[in-house]
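You will see two complexes here that share chain A, one where it goes with chain B and one where it goes with chain C.
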Partner chain A sequence: MTRTVTMWLLIGLFGFVLTPWYMTDAGFWGFSWISGVASDGESGSAFFLMLLHGRAWLFPPLIAFALSGVALLLIKNPVQKARVIVGITGVGLLFTMMQGLAIVRGGPRFFESFYSTLGGVDGQLGFGAGAGIVLFSLLFMLTTAYSSAGKGSGDAFVVSLIGLIIALVGVFVFYPVSHILVNAFRVPGGEFSATDFLTRLFSSELWHIGCITFSGSCGPAINSLVLAILTGASTVLLGLAFALIFTRTNFIAKPLLRVLTVIPIITPPFVIGLALILLFGRTGSATALFADLFGWEKTRWIYGFGGVYLAQVLSFTPIAFLVLIGVVEGISPSMEEASQTLDANAWQTFRYVSFPLMRPGLANAFLLGFIESLADFGNPLVLGGGRFNVLSTEIYFSIVGTVADPAKAAILAMALLMLTLGAFLIQRKWVGTKSYATVTGKADSGQHAALSRGVKFAAYTTALPWAAFTAVVYSMIAFGSFVKLWGYDHTFTFEHYIRAFGIKHTDFGWKLKGVAWDSYFTTLEIATIAAPLTAIVGLGTAYLLVRQNFFGKNAFEFSTMLSFAIPGTVIGVSYILAFNFPPVELTGTSIILIIVFVFRNMPVGVRGGIAAMSQLDKSLDEASITLGANSFTTVRRVIRPLMGPAILAALTYSFVRAITSVSAVIFLVSARHNMATSFIVGRVENGEFGIAIAYSAVLIFTMLFAIILLQLLIGKRKLRRTDRVAKAH
Partner chain B sequence: MTTPTEGSVVFKNVVKKYGNVTALKPLNLSIEPGKLVTLLGPSGCGKTTTLRLIAGLEAATSGNIIIGGEDVTHLSATYRKVSMVFQSYALFPHMTVVENVAYGLTVKKMPKNEAHQKAEQGLELVGLKGFGARLPSELSGGQQQRVAVARAIVLEPEVLLLDEPLSNLDAKLRRHVREEIRQIQQNLGLTAVYVTHDQEEAMAVSDTIIVMKDAEIAQIGTPRDLYEKPNSSFIADFIGDANLIDCDVTHTDGNQSDIVVAGTKLSLKTPANGTGAGKLVIRPHQVILSNEKTETGFEGHVTYAAYLGNMTQYTVDGPLGQLFVISNVSESPIKMGDTVSINFKDNDIRLVDI
Partner chain C sequence: MKKKTLLSAVALTAVLSAGSVYAGELNVVCSNEQDWCDLMAGNFEDKTGHTVNMVRKSTGETLAQVRAEAGNPKIDVWWGGTGDPHLIAAAEGLTQASGVDTSDLLGWAQNLATISEGRTIGIHLGVLGVAYNREILEEKGIAPPACWKDLTDPRFKGEIQVANPNSSGTAYTELATVVQVFGEDDAFKLLIEIGKNVNSYTKSGSAPSKAAARGETGVSIGFEHDMVKLRRKGFPLEIVSPCEGTGYEVGGVSIIKGAKNFDAAKQWVEFVLSAEAQSAGPQVGVYNVPSNSNATIPAEAPSVESIKLIDYDFATYGSTDTRARLLARWDSEVKPK
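And now, the complex of A and B:
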């Protein structure tokens, strides 16, 4: 312990004395701060800021380092030493964070008199590299010491990992979301009021139900709710039909159904909306066709509830399909065989055995569709058309609208959060514990019962037309990008691609002339940085949840899963509210984009990791430990090599999500760091559908290419393992 | 290779609780160096918990664990000089056999060449010379088992732990491998703690058997002690087969006891712990059946007879309840449905649970 703590202490001191405490405009990697670190008021290190600029309030880390050093040298009893250091670093960490929260640009916000006596009237900037290094070194000194401060509290690696993940989730999920709460309680004058909060949260503006009682329109909350219920129900129905065909019939085109499960993952969220416009908009092909054939009027019905609903069902059916494949396959064939040997026919077996066993899975799929629909931003943005407002788009417009109204955004976000968290809690408490899925690792050699004729017919008639429709919608994306102006001028053209991705030869060499190159490269860069970080945080969390036991593990799991239930728009707003000011001032940087992707996509990494790690026999870890390896060596030499597929999945998924995500990102992009999706949204808002679709097509191919590349890179190191070799006979 | 205290294991009032569930009541035990001790008992009795406490994979709720004279209660598994053979073998599937065996050496920073050399020696010891380059999945179950043993012993642990090491092998191989394990343990003079629920396996390999029941020790002794001098009807029933018959002890003087069973007075050459209600332990082969009516003895009725080649098994109903009887007389005249008289070879009968 002493060695590790000393190492962190030295790193912390280095950060305190030799790196700039605040975030500088030039950025850390520019290294232009080096000249000013010992003198400058802006890029100076904490130590010199204290000495030369009277910023005495930066003292806590220095004292913590000094006292820890004394404790390291003087206290002999190792347990006592560890406990003292835990205390010192804990208090140091607390005070360091407190000064950051208290003193903003304009001076201290609270504890004014205390910080004024320390010279805090000038105010300060947000935490930078130096502060980061100091805070992390204090944190790791604390966790390392804690690991040897009592009996059986595990080793330093595990405790540090727990501490790190709690700190990160705290700062980047709970801290920003708490800002929504604070802002929601704030009335226009800046005061806080609980009663006012409730009246605003449940105001009729949000919740009126005119559209149901045929007396006008509905509030956005009701719109969201009705849409989510209908979308959830429809996706479950379609998903079940697909899953039954996929697992219980001899349908010829099963591989095509497989494709259906992959496609939506690499489809940017508003692409389906765009394709629907090309089909059913006023100038859409289907609209024109029906007008010719039946003389139907060309209307704008696609802009509104119908269009959004259609787009969401198209987008989320594959997710329900994916979930329900597992549910349908998870039913042990021996139960169906038992039913058949008891003389039940195919319909009775389905009705009285298979279907009841699927019910919790169906409820689960419904809630997933429900949450996805509530959180969906791209489709309502493209198709809502100002006539059909849902919460997620309302949040967006109250931030980027003509008058930015963070308080209104916060109230809307609270309403949305209430709905999604409600569904999330129901899913976990009620459905999560009632699963009959019987996947045991033990090979169940029976055969699934065939479907009865009625069920089979129903499944085919539901699923196949829908599959055909999906195919038409996706083919629109391909056509739309090569047509000059959809609905008016159908001449074939590469114009959109050239405008977006043109390259020109000039006197100075090749030049990227296309308007999309900037955002394209930014997107790739950020996705490339975010993906491995997401995988590390997600799989690290999964490791703790599956393999370690510690106090508060359930709360820990719940909090890491929570960000799954927080809609992207809510995260976006909360990041703007929280990270626009010191102590953590990140808006406008590319860091905030990376961070938002890491914590948005982390739950999926966690789930994937949990699933993969549960399949690794725990005795492998224990064998490694009893052979003298510590947890870190065990992770490095035993677990990581066996986790290849899960790592690949986490990397791929987070890379792809970083490219396709729009809801949170659209709040956080800046002129310097624009992302592909927000660029496309901009084009859509200008009515430039051709270029938007061309860009989307390029994104889809980029992602396909990346997925294949990752498969080749990581999949090539063959893992040479049969499942649970330990059990081989 | 060991000095006297090295390799000993001592538990002092060790308790293990999971929340409100007590997995181990205050446990005291002492294992001598160089011995193979078996923890035996039905599932859920705490035997695996005890083994994992020695390994350091579980932390004791209270009490002290001393290995080789050193208190290791708070030492994690990484730092204990103990290695373990797992029920599932837990061979690392992505490493070759020699990498598996050398793993413990390399994590202790032994140079790779040297570690592999030692690993090869370990493999030779378990009879797997030349198998080093294979993957575990390319070995048979018995070979995997021996790799697991080699991996554990190359570290020269003070104590070798074996958690039901034979349960994944088929019956014939099991006998062979358990003899091998016993031989290696004796040749190296290792202290070994062995967990099993199979009493025959326990009897075959152990110096001492610790029988556990309901999170505590039921009896400690050599295999012979446990079979011949069980201290309770549980042990009598668990170690071998036994007929347990309710009786009343009226008098005992250390060598001789008078009892009343099914209304009949008997005098037995066996001690009892006192007088009062108790149980008579009669092994199946201690019952003598005969077709002719004898002077002493109870009358019974044969309800079931099964010829098994080297012996015949009977179920006999009578005043003593249902008795399970084994007769080695191959040409026995007794058939199902016969009325027989029942007598006992009384020299090995035990009185328990008084």
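And now, the complex of A and C:
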């Protein structure tokens, strides 16, 4: 412990003395913080700011470092030493953050007399590199010491990881979201009231069930709930059918199927909705076909529940598939063999052995589909028509509509969170506390039981028509990018691609002339940075949740789901409210985009990680620990290689979502950092479908290429020598 | 240990690479069409040498962002979009007077500046109108509409699409226009009658005309410059300015209060109000009426002389109280249950 704590203490001191404390307009790489140390009171390190510019309120970290140093040297009893350091660093961390929150640009906000005495009247900028280093080192000193203080599991790595994730979720989820949810308790006059809040949260306007009792329409909360349940269930069903075909049959066209199952998540928003309108709208091609063939009336059924449901199932099935394929593949053949040895037939084996073992996968896949459907905003906007209102669109328009009503937005967001929390609790109850470990390290034949005739038939009849439907929808989209006026004038043209991605040869070499290049490169850059961070944070959290026991684990688990469950609009606005001012000032930078992606998409890493990790027998970890490895080595050498599909899913998903998400991003993009989706949405709003779809098509191919690359890099995990499927009996 | 170091290294890199340069540049949020945004930014850069950072956002989103950023804005100028949200921002003290000379501008553009005490100035005028899909109406044998009153006729049953005024500024302009043309009580009677023919109250104001262009609906209500654009692309849309008179929107430009680059922002306002800059509109398919009296009016723009334009009262119908009252009444009387 002493060594690690000393190391962090030195890093912290380095940050305090040598790196710039504030984030200035010049940026870190401008290096004006070196030249400006003496001359201006903002660009130097905390130490010099205190020394030369009278910024005495920056003292807490210095004192914490000094006292910790003394404790390290003087206290002999290791437990006592650890406890003292926990105390010192804890208080130091608290005071460092407090001065940041208290003193903003305009001077102190609270504890005014205290901070004014210390010279804080003139205010300060937001935390920069130096503050970041100092805060992280104080945090890790705290967690390392805590692990030796006779509490916790005694493992510095685990405690530090917990501390880090709690700190990150706290700063980047709870802190911003609290800014907006606090409005829920505000009555129109501006005062706070708890009773008013409850009556509004459970108002009949939100929850009335007219559509079920055939007396009108339903409230947005009921609409959202029904839609989410159906979407969640359907995506799980389809995802499972695809996963079974992949792992348990010898279906010929697997690679083609694989592409079809992945494409929908890499489709930018609005595109699926548009394609569905052109297929099933009143003048759609499928509608016209059915009208000719069967004399059906041309109606507008697509605008409403039916259309939104169809679009959501198309969009979210791949998520269920990504979670389930790892789980289905991981089920140990020896269990199935045992069942068959006991004279069970293929159906019984599936029903009583394989299927129950898939429970964590099914539950997590459902939860993801459910939450995605609740938070989805693009599909209901395009296809909801005027009557089918859901929470996410209501929230959007109570923020950006003709009358802005932050209180209503906050209440609707709370209703949405309630639904999520409910689903989360039910999911946990259903999975229960049984063991689902099937990857045990013991040898097995590597031969998966074949599916019974019935199951196989069901899987094929569910999955293949759907795959065909997906193929049709995507051919429509591809078609739309090559015609002049999608849906009206179908003359072949390359014009949209040339406008978006044209390259021109000039006297100065090749120049990118297309209007889309800028946002294209920004998007790729941000997605590439965000994806691995998301995977690390998500899978790290999953590891803690499955493998470690600590106080408040359930609340911790739910808190990691929060940012996913809150609609992007709310996240977007709350990020501006929280991060436009010191202490953490990030608006207008690319970091805020990276952070919003990491924390919004991390739950997929967590869910996928949990599903995959609950299959790994704990004896594998124990064997590794017994052989003298620490938990970090165990994670790296034993768990990581067995987590291939989960890592792939997390990386793929976060990369793709960073490219395709819209609602949060719209508020956070700035002139310097514009994203592809906000470009596409602008074009769609303007009625320029051709260029929007051409851009989408290029993005789809980019993402497809990235996914294939990732698959090659990560490789397939080898659970057994060969994965085979037994012949059906 | 190593993983933790890696994590923190990554976090640190993220912290380090932060930082941004704002000084000496101009940050513009544009609520017009993308091509128009790009063209004007380029022309301004060529003329003044300033670097323009521009992003396009819809008016509602921009207003939400300006509100959230109040006190430490990252935007200098907000250009484009209907005048209503600009007026709201002015009333909430989120924008500041630019002090730009408005003497060359047309009356309705100066009017916007007068109401807002100079905080927002009119840049263009967009007329509210009705569009119908020629092919669909012919196919169904429906005679085209000419007046607001025509839209109440049962022949349009299920064929009219218009946005919901709670979410769309376009639809609020329509609501306020009808109220000004017919008087409030008669206007609501009319809207209830038209409502019987409406198939959908969409969320977005431009959605109905797009739907009409593709034949998803027969008739739409919206701004005529959007309809002109769709027709120019080749869709079978016909545009009607209702015979009883129709309203309009005036697009605005505002400097955000606390803008870090006020001087450049003022230059921007002067630039977008100049005849030279405004005359470039038709190059990128902008067909609304420019506010500078010396600017060339595009041939495709709705001709203000032949349309019966009402004297739209922005001061009254842009105010928060009137808006809330009309929307509440719309919710209780017109909105489908």
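Points worth noting:
Keep this in mind: the second predicted complex is superposed on the first by the 423 of 729 C-alpha atoms of A that agree within 3 Å, B and C clash if a C-alpha of one lies under 4 Å from a C-alpha of the other, contacts with A are read in each partner's own complex, and residues count from 1 in each chain.
Quick note on the criterion: contacts are C-beta pairs under 8 Å (C-beta built on N, C-alpha and C of every residue); 3 or more make two chains touch, one makes a residue touch a chain.
No experiment lies behind these values; they were computed from the predicted model shown.
Between chain B and chain C, C touches the greater number of residues of chain A. In the superposition on chain A, contact of A:Ser35 is made with neither chain B nor chain C. When the shared chain is aligned, chain B comes close enough to touch A:Val638, but chain C does not.
By the touch criterion stated above, A:Phe397 is placed in contact with chain C alone, chain B being left untouched. By the touch criterion stated above, A:Thr4 is placed in contact with chain C alone, chain B being left untouched. Of all residues in chain C, those touching chain A in their complex are 1-4, 7-8, 10-12, 14-23, 27-28, 33-34, 38, 52-58, 60-61, 63-65, 67-69, 71-72, 74, 84, 136, 164-169, 172, 198-204, 206, 210, 213-217, 226, 229-230, 233-235, 320, 323-324, 327, 336-337.
Every residue of chain B that touches chain A in the complex is listed here, in rising order: 55-57, 59, 73-74, 76-80, 82-84, 86-94, 103-104, 107-108, 135-137, 140-141, 144, 151-152, 155, 161, 168.
For chain A in complex with chain C, the residues that touch the partner chain are 4, 23-30, 105, 127-129, 132-133, 136, 140, 156-157, 160-161, 164, 216-217, 277-278, 281-283, 300, 303, 381, 384-387, 393, 397, 399-404, 484-485, 487-489, 515, 533, 536, 540, 573, 576-577, 580-581, 585-591, 594-595, 632, 635-636, 666-667, 669-672, 674, 678-679, 682-683, 685-688. Those residues of chain A that touch chain B in the complex are listed here as 151-152, 154-155, 617, 619-620, 622-631, 633, 637-638, 641-642, 719-722, 724-729.
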